[in-house]
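Next come two complexes built around subunit A: one with subunit B, the other with subunit C.
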Partner chain A sequence: MIVRKRLTVQNTIAVIVALIFLVVVLFSFSFIGRRPGAGEQFIRQGVEDTGAVNIVAAIYLNYRLFDTIFEILVFALAVIGVRFHLHAIKDKRPRLKEALFISESHIVRVAGDLLAPVVALIGLFLIVTGHLAPGGGFSGGALLGTVILLLAVARGGERVGRRLNEDVVDRLEQIFLVSIIALSALSPLFGRPFFANFFPLGEPGRLLSGGWILLYNLLIGGKVFIGIWVMMYCFIRHRGDV
Partner chain B sequence: MTTLQGLLLLLPIIAIFALTRRRPLGAILGMGVFSLLLAGVYLLSHAPDVALVEVAVGAAFLAFYILAVRKKGKLMVIGDETPYLFYRKGEDVAGLEYEILRGFADKLGLDLEILFVPRQQVHKWLISEDADIGAGGVIPTTSEKSNLLISDGYLKTRLFHISSRSVDGRVAGISGSHALEEIENKNGMADPYAYFSDLCAGIDHGEIANCSVDLVRFIALDHQALTNYDIKRDSEDLCYVFTVSPGEKEIYEELNTYIKRLRSSGELDTIIARYLG
Partner chain C sequence: MEWLNGVTIGVVLFVIGLLALMLRRDLIVKLLGLGLINTSVILCLISLGYYTRGVAPIITGKPGQIYIDPLPQALVLSAIVINLAILALSLVFVMILVERYHTTDSVKIAQQVEQERSHDQEHIR
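After this line comes the complex of A and B, so read on.
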C-alpha cells in the first residue's frame, strides 16, 4: 500500500523532529542562567529612559524598535503573499453550498454573538495598555483577528466578508504600514537619531505615558487586525470558504 | 520536579501525539493543547507578553486549521437511499455500500459525510464537485460514463422492466441508462418519483405505467402490488459501481485499489453475505 508506506515514513520523520525539539528545548532551558551585565542596564534604567512600566514593551518599541520594524515587515509580506497567490485562483464564491452548509447550529451562532464583543474588548484593552502590563499590538491585534474568524464561523464567511469594502481596507492597511515606518523616520526632525522616541515620556504608570509606545501599539494592533481580515477575505473569495 | 519541568516534558509527548495523528482533527486538537502548554511554559519563565501572543496566535491558527479541515477533511458521499446497499437505520446509515465507504474513509483518514438526494441529481452534484462520491446502487448511464470517473464494480446485478397491464400513466424508474434518460426527457428534474421511496408508493397505488429498477430495488418492491404488472428480466449483465467526481482522480484510484483489496482478501464476500445472503 503506497499510502500506508508514506504514512509510516511520515510518522518516523515526525517522531525524529519531535525528539530533536525535545533535546533543543530541554538543553536551552538548562543553560539559561543569569548572565551578569546583559540586560541589567535595561532593567535598572528602563522606566526612567522610556516611561513604560512594562519593560518588554520598552525594549521592543523603544530600545529595539529597529528589530520590531522588520518583524512587522515579515507579517506584511505574509499578507501580500497570501493575496498574491490566491489572486491567481479564479473567483469561487459559494454556490449551491451556501444555502446548505453555511448555516451553523444555533448554539455556535449564539455563542459567537455573545463572545465576539467581549473578545474584541479584551483585544482593545491589550493594545491600549501594552506599555503598562503584558499585551501590546501584536497579541491585541491577533485577538481582534480571532473575533472576525469567530464571526465567520458563526455567521458564514461570505456574510462577514460582504461588509468589507476591499479598496478601503487595502488602503487602510497600506496607511498603517507606511505610518509605522514613517513615524520612526521623523525622529531627526526633533533632534533625535532614527528610531528614537521623540514624544514626551509622561509619568510612568499613567495611561498617557511611555512616549510613542502607545501610538505604536495602536498602529501595530490595527495593522495585524486588518492583515488577518484581508487574509481571511482572500480565502473566502478564492476558495469559496475560509 | 517543578511545574516548569513537568510542562517541558509534556511538550514533546503532545508534539509526537499531534504529529502522528491520522485524522486531521486529532492533529489540530493536539496542536491546540501544545500551544496552551507552551504558553504555560512562557508564563512560568516570566514572559507573560510572549505567553499572551502564543495563546492569541495559537487560538487564531487553530480556528484557521479547523475551518480548512472542515472543507478538506471530508469525504462527501451522495446518493439515493437503496435497500440493502445504502439506507437509513434510525439516526444512522447502514448497508453494503455504506460499509465499504466507511472502511474507505477510515483508510484515507477522512470524515464520511452523507447526503441523500434523488438518483438523477447525483450526476449534477459530482460534476460541480460539491460531492466526491456517488453511491446508492449506481448503474452508470451513458452520459455519466463519459463525464464521471466510474469505479470498478463490486457486485453483479440485472435490470428489471416493469410495465403495467392496466394503467396508462407515468414513466418512472431509478436505474438503467435508457430509463433514466427517457425520464429526464419526459418529466424533467421535477420527477415526482425521484426518490426510491416515492417510486414504491407509486407502484403501491398503481400510478406507474412503466419503470425499470435494478436487482436490489426489485427485491425490495412490494410483490403484492406487482401482481398487476408484467415483469421482464433484462439479459444484460451489469455491475453496481461508485461514481467519482471528475476532479478527484486520487480518490478514484484509491477507491479502486481498496475494492480490489477487499475482494482479494474475501472481506467483500463476507459483507455481501451479511446484507444479501
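After this line comes the complex of A and C, so read on.
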C-alpha cells in the first residue's frame, strides 16, 4: 500500500514536470523566427567545394566527415554489444535445436521471392546515387538489410543465415570499418589535411563526381548492411525463428 | 493555424514520450517512449530548417528556387543512426532482465533485486 501511495505521488510530480517542460519549450520556440540559417553558406558553395549536387551528402561526407566516422563507430559498437550480450544469454539456456522454419503461407514465400530482388536493386540504387539524389549509405544499407530479413521471413532465418558464411561476414564487416577509417587518414599523403577529400571532384551531376562521397557511400552501405543483418540474425537465433 | 507546425507537434510528441518513460512501468513501453522522443526531436529539427515553399537541397541550377536548410538534415542523420543503436542495445538489456526475472515490469524487477540484495546480506552475516 505504501509503495502504491509513493508511486502516485511520483506520478503527479512527473506529470507536473512534463507540463512545465511543454509550456517552457513551446514558449521559447515561439521566439524563433524564420530566417536564412547556417546552411546558406553550404548551399552557395557546396557544389563548388565538393562536386556533389546533394548538399546534405556534401555536408555529411565531406564537411562533417569527422562526425560521421564517430557515428559509424557508435553503430559498430551497438552491433558488437548486441552480439556479445545475446551470446551471453544463449549460453545459459538449453541449446535450441536448429529448427528449419519455413513459412507456412505460400503467399509470403512467393511475395518474398518476387520482392527481394526489386528491393535489393532499389537499395543499391540509393547507395550509388547518394551524392546526386536523396539516399546514401545508411538508408541504402538499411534497405539491403531489410531484403535479407524479407528472405528470412519467407525462407526461414536459419537457412538464410547458413547461406551467408558467418566468418566471411565478420571479416567483411571489419574490412569495411577499417577502410572507412583508413581512407580518411590517407589524405596527408596527397597533400591535404586529415578528413579532406583528395579525389578529383568531377563534373557535378555526373555519376562519377563528388570526390570520395561515392566511395564512402559504398563502404558505409556495406557496413550498415552487414551490421543490420548481424544484429537481426542474433535476435533470430535467440528466438529460434523469425 | 500558424502555430500548428512541425516544431509544436514535435514538442508535444516529446512530452508524450517523456510521460511514457516516467509513468509506464513496462520496459518495452519505456523503449517505445524513447523511440518516440527521438523521432520527435528529429521532426522538430527538420521543421526548424524548413522554409515555406522551399525545395530539397539538391542543387539543380534552376533560378529562383528557395532551398531549405541542409544543415539540420545532415545532423539528423546521425541522430537516426544513434537512435537505432540505442534501441537495439537497450532491447538486448531488456531481454537479459526478462531472462533473469521473468517480467518486464520495472517496479517488480526493482523489488526482486532488492530482495536478492537483502538475501545476500543475510548470507554474509
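Operating definition for what follows: the second predicted complex is superposed on the first by the 191 of 242 C-alpha atoms of A that agree within 3 Å, B and C clash if a C-alpha of one lies under 4 Å from a C-alpha of the other, contacts with A are read in each partner's own complex, and residues count from 1 in each chain.
Here is the rule we use: contacts are C-beta pairs under 8 Å (C-beta built on N, C-alpha and C of every residue); 3 or more make two chains touch, one makes a residue touch a chain.
This one's a predicted model, so the numbers in the text were calculated from it and none came from an experiment.
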*asked:* One more residue to check, A:114. First (subunit B), second (subunit C), both or neither?
replied: neither
*Name the contact category of A:47: first (subunit B only), second (subunit C only), both, or neither.*
second
*asked:* With both complexes superposed on chain A, which partner does A:135 reach: first (subunit B), second (subunit C), both or neither?
replied: first
_Applying the document's definition of touch, where does A:186 land relative to subunit B and subunit C: first, second, both, or neither?_
neither
*Which partner does A:18 reach: the first (subunit B), the second (subunit C), both, or neither?*
both
*Of subunit C and subunit B, partner touching more subunit A residues*: C
*Should A:126 be classified as contacting the first partner (subunit B), the second (subunit C), both, or neither?*
first
*Just subunit B (first), just subunit C (second), both, or neither: which does A:149 touch?*
first
*For A:73, select first, second, both or neither according to whether it touches subunit B, subunit C, the two together, or no partner.*
neither
*Same subunit A residues contacting subunit B and subunit C, which ones?*
3, 7, 11, 14-15, 17-19, 21-22, 25-26, 29, 54, 56, 134, 136, 138
*Complex contacts: residues of subunit C adjacent to subunit A*: 3, 7-8, 11-12, 14-15, 18-19, 22-23, 48-49, 51-52, 56-60, 67, 69-74, 77-78, 80-82, 84-86, 88-89, 92-93, 95-96, 99, 107
*Flag every residue of subunit A that touches subunit C in the complex, lowest number first.*
3, 7, 11, 14-15, 17-19, 21-22, 25-26, 29-30, 32, 34, 37-40, 42-43, 46-47, 53-56, 58-60, 64, 67-68, 71, 74-75, 77-78, 81-82, 85-86, 88-89, 92-93, 132-134, 136, 138, 204, 231, 238
*asked:* Can you tell me which positions in subunit B touch subunit A when the two form their complex?
replied: 4, 8, 11-12, 15-16, 19-20, 22, 45, 47-49, 51-53, 55-57, 59-60, 63-64, 67-68, 70-71, 107-108, 125, 128, 130, 254, 257
*Can you list the residues on subunit A that touch subunit B in the complex?*
1, 3, 7, 11, 14-15, 17-19, 21-22, 25-26, 29, 54, 56-57, 95-97, 126, 134-136, 138-140, 142-143, 145-146, 149-150, 152-153, 228, 239, 241-242
